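Here is the structure we will look at, set down as structure tokens.
Labels run A, B, C and D following the written order; every chain starts at residue 1.
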Amino acid sequence: MEKIKTSIVGGSGYAGGELLRLLLFHPNVEVQQVTSERFAFKLVTRTNPNLRKNTTLKFCQMDELKSCDVLFVCLPHGSSSKRFEQFKSLAPKIIDLSADFRLNKKDGFVYGIPELHREEMQKTNFVSSAGCNATATILALYPLFKNNLVDLHKTVVEVKVGSSEGGNKFSESSHHPERSGLVRSFMPTNHRHNKEIIQELSFGEKITVHFSATAIEMVRGVLATCHVFLNENLEEKDIWKIYRKEHGNEPFIRIVKDREGIYRYPEPKLLIGTNYCDIGFEKDPNSNRLVVISAIDNLMKGAAGQALQAFNIMHSIDETTGLDFPGLHPI
Amino acid sequence: MEKIKTSIVGGSGYAGGELLRLLLFHPNVEVQQVTSERFAFKLVTRTNPNLRKNTTLKFCQMDELKSCDVLFVCLPHGSSSKRFEQFKSLAPKIIDLSADFRLNKKDGFVYGIPELHREEMQKTNFVSSAGCNATATILALYPLFKNNLVDLHKTVVEVKVGSSEGGNKFSESSHHPERSGLVRSFMPTNHRHNKEIIQELSFGEKITVHFSATAIEMVRGVLATCHVFLNENLEEKDIWKIYRKEHGNEPFIRIVKDREGIYRYPEPKLLIGTNYCDIGFEKDPNSNRLVVISAIDNLMKGAAGQALQAFNIMHSIDETTGLDFPGLHPI
Amino acid sequence: MEKIKTSIVGGSGYAGGELLRLLLFHPNVEVQQVTSERFAFKLVTRTNPNLRKNTTLKFCQMDELKSCDVLFVCLPHGSSSKRFEQFKSLAPKIIDLSADFRLNKKDGFVYGIPELHREEMQKTNFVSSAGCNATATILALYPLFKNNLVDLHKTVVEVKVGSSEGGNKFSESSHHPERSGLVRSFMPTNHRHNKEIIQELSFGEKITVHFSATAIEMVRGVLATCHVFLNENLEEKDIWKIYRKEHGNEPFIRIVKDREGIYRYPEPKLLIGTNYCDIGFEKDPNSNRLVVISAIDNLMKGAAGQALQAFNIMHSIDETTGLDFPGLHPI
Amino acid sequence: MEKIKTSIVGGSGYAGGELLRLLLFHPNVEVQQVTSERFAFKLVTRTNPNLRKNTTLKFCQMDELKSCDVLFVCLPHGSSSKRFEQFKSLAPKIIDLSADFRLNKKDGFVYGIPELHREEMQKTNFVSSAGCNATATILALYPLFKNNLVDLHKTVVEVKVGSSEGGNKFSESSHHPERSGLVRSFMPTNHRHNKEIIQELSFGEKITVHFSATAIEMVRGVLATCHVFLNENLEEKDIWKIYRKEHGNEPFIRIVKDREGIYRYPEPKLLIGTNYCDIGFEKDPNSNRLVVISAIDNLMKGAAGQALQAFNIMHSIDETTGLDFPGLHPI
């Protein structure tokens, strides 16, 4: 099989860097160009020091981009849609990691969660990767909302997120002495990702998701704790069945719910570097509340890994190609 | 004023050690004895190395306890009530930090949150300190439940807690390579502290609090994120007034809700070593949800500091005596 | 005693903020003004959120400074000496925390380590606080060099430091996802503090100190590991005697060398918020190497605490006033 | 190529678990059995939760071990040599990760650092993996000692290590509230690994290495800071040449010495999960001191990765097979 020529627009950011790492090790891919206006002409290892000895690529400027088969766009939110016409002229296929094309299938983009949109991905040329918090929440709740099992207006979701979610732009709030060890309620209400969640979980109904986000001491990772209220009296074994039915064949979803051991529920640190979404749940014995817990690596399943999974699907390559790193323990 | 003679039962644990530190610096207190069965006859600095050069006390055994004015009991849950008769014979006043006497005023104990039970404390001889998660949650929600402003059955509370909450007994789950950097859903439902919360927030009504606890990378600290649903259409300025009315004169409660800066909401790390409970809130502009956020140091306002505050009240000493450490920044 | 009027120039940085905290709680001090050009007219709690409810002071500009009794200058290195004439016209006594006056008694400044220069401090009006790494190293090695016990040219010192040592100016290198968990050899040779160390340990001889600095995951703290080579065959008990003779009466130095327990040697985290310098040592049984280990809180004994200790000495106030916080455990 | 049958003795520890992960993804290997007395009959994912969905293996007991091609022995120090006869009867090739066979080619074992003993490994059946701290130190200093460039008795080495180096046995000293954020001088002198270092760097001469070890806040990783004193006046470019000559062709050694960026020297966190040893250096402009800095992941290049690299060499498989993970950034 001839290698697929790919270029990355915006390769000095965290998602772009992670994508570069994945593409360099993908057997069917050739990385043609990686852009960075700020670091143009410098080695890509300037911002991706982990890749030393694995590549001698240098960043180029966006204006130097040549035609390729697939363009991965990792620009800041708002920058991507402005250049969409330029990008379309460069490559027949575009996978965009910003928030610009996630809502309402804008410009024909398929929403990038493969577990929900695999068939559409097989046919499309444009995929818009989902927000990391949205990904964790949607994968956690999809089986319940799809099967109409929960109260549509009482769900409360609280995500705990790491510092890499904010990208590599430094500020007072990301300064280590301030950011270290903190538990920052940075978005108690009104998070942008909420619209994605509602779009994907509505199934034609009007729904409400009460969403909050808290930043904690962690670099990579999202843990979503989702409190839903069941419409009928389901037991845990019933819920097992539903999750198995909806997610049981997914290569990157693991149901994690152990009776013993110290990792009984999804744990983001075990997922660092992996494309897994681990999902667990516990039914409150005293009420109709079900707590669903999901964990991902925000730069992998929440960004670059998800994008590569979509890429594989779009090219009929085995979906797990280049994504088989199992994660580390201890870490 | 003659010094009040105090002894600590169980001084080698974290709450007991913290209490010892506070008592050693309290101007009206003499620390008479500190017990530890495991470390009997060793210096108290063996388990409290921060106190080197501040005391030459040694641990004694429980059987060696002499009469004193106030006995602080810091035994594991379940051990304290078994020895209650013995303790009563040793001291007229007892402040217990275990869970044994928290519910239903057992044996005449006053529930130990001063902001709710100050007047009863002035008259009692027995105070039972509240659970740390319960303290953070109750102080956050008391103004709302007392004034009957929220739906009584929809509240969802998620606390994020540090590793010291588990005490100083080591295990596989507290082993550093495992515990470091984790986000462990250790109690998605069914947490013991929930009963305390319901007891204190009921005001004669039947209420439900959907409570979950998650352990995060932190040694000291609790952050409670409380999602409540308002009965009427209150604006943020109305909520301000209610919190000011209920908590405005409290020496250890601060309403934290800033428009700028990087500490706009309560942050546990700023409270390390202090007796403050910081409380903030944000109203969801798109629903009737109000998110109330509170932070404490679990070993201080959540244990030893709360106990000393009660002690001060019981002895008509200025409530802030020995508790004026303001916390550190950066940390 | 009438309160001593003090002002802080540069109160929005970490050392200035820590000094503000200490001065607010010092019984003999009135804080008159605190300057910050960047945050002028804002509450000092904007950058020192730990002080909420403890002060309503606002930052002023440097040009607004009024006369006072003591001026604490916490400006960046290089800025302080440029304004020295202005500062002298405002206050009879100046304590400077920058590096500008540390070497060669410049402009009559006494080098700010009280343990070495207490008598000079009692007579001077100008004190220049020592560098934090220099303080840890000098206090560790002073007894040995003063008594001429070590090879003068073979000493190797490696300090491990936290992120607050770099101040509150954020940058790519202090960005949390980059700085978190790192072990950065940021100054393998050629550290500026080395000149201070040599100045204070020379005793008329030419000496060499091979100094390296490594940044680790920590916000506050310095641990200096000093490898010295003994001139004669001293046993550990001999070394004990020497340290007791030189440091035994110092209120803020503790010799830490335990046979059991988990804190057998100095540990910076136990010193967070304290003015202690803990010193321990171990003699290599197979060579003439002695490893001396010292720990401080860089913002306290390494900056603001040391400055306040000098202040107390300059005013014949008990040296420990305002500095008696013992530190926390666990933390 | 037929798959090589391997078994792991002691697979519930950290090194054994890491080895299991590597072997499961090695294209030429079949994992036959993994033993654990404590977790016998349980899934290997009980102690290696990262491997969920990647294996359904269960632990067996040591007595159940069958014949295989290669036995990896990951038992605690002291246990391995006692059972050597049994292990020899089970497999023609043994790779031992304990300290039992590292010194003096005991029982014919080749010391396990491939960069020094590659040719011997091609011919032997027994390899003894090196200690992690020894590995970092030896690889850093080998070019200098081999070429007789440094004073043989003045070298000072200080390693900074993470908590996983202590294995998975929990204790008071590994309890998270105690171990978190600490800088513990756990072995100022007299470290066991020193003998390995001396064995490998002696080249027929008597040498001294002054070794100290400090535990810091980190799970995986070793940073060795080595202070050596040059015999002749070498400049940095000369040193570059020597390192290039000795290590330039090594697949797992990278010389890291950048003029700009925030990762100018070796950084252990970039190596998490990789088999690299990164080495950098800086010449003191004011003396003949050269500071050589090296970093590894203690569980990979310092244990399981090193063992697999030896395995590849012993079987004439490309040395990097199964070891090509490049590490993550940010992390």
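Before moving on, here are some points about what is shown:
Operating definition for what follows: a residue touches a chain if its C-beta (ideal position, glycine included) is under 8 Å from a C-beta of that chain, and two chains touch if they have at least 3 such contacts.
The structure displayed is predicted, hence computed values, not measured ones.
Contact count check for A-D and B-D (C-beta pairs in contact): higher for A-D. Between subunit A and subunit B, the centres computed from C-alpha atoms are 38 Å apart. The distance from the centre of subunit A to the centre of subunit D, with each centre set as the mean of the Cα atoms, comes to 34 Å. A straight line joining the Cα centres of subunit B and subunit D is 45 Å long.
Chain contacts: subunit A has residues 14, 164, 168, 172, 177-178, 181, 219, 267, 330-331 touching two or more partner chains. The touch graph of these protein chains is complete, with an edge between every pair of chains. Across the complex, subunit D meets subunit C through its residues 154, 156, 158, 160, 172-173, 177-178, 181-185, 188-190, 208, 210, 212, 214, 216-218, 221, 223, 225, 227, 262, 265-269, 280-287, 289, 291, 293, 295, 330-331. By the touch criterion given at the top, residues 14, 17-18, 21, 24-25, 46, 48-54, 164, 168, 219-220, 254, 256, 260-261, 263, 267, 270, 272-274, 276, 278, 324-331 of subunit C touch subunit B in their complex. Interface of subunit B with subunit D (complex): residues 14, 162-164, 168, 170-172, 174-181, 217, 219.
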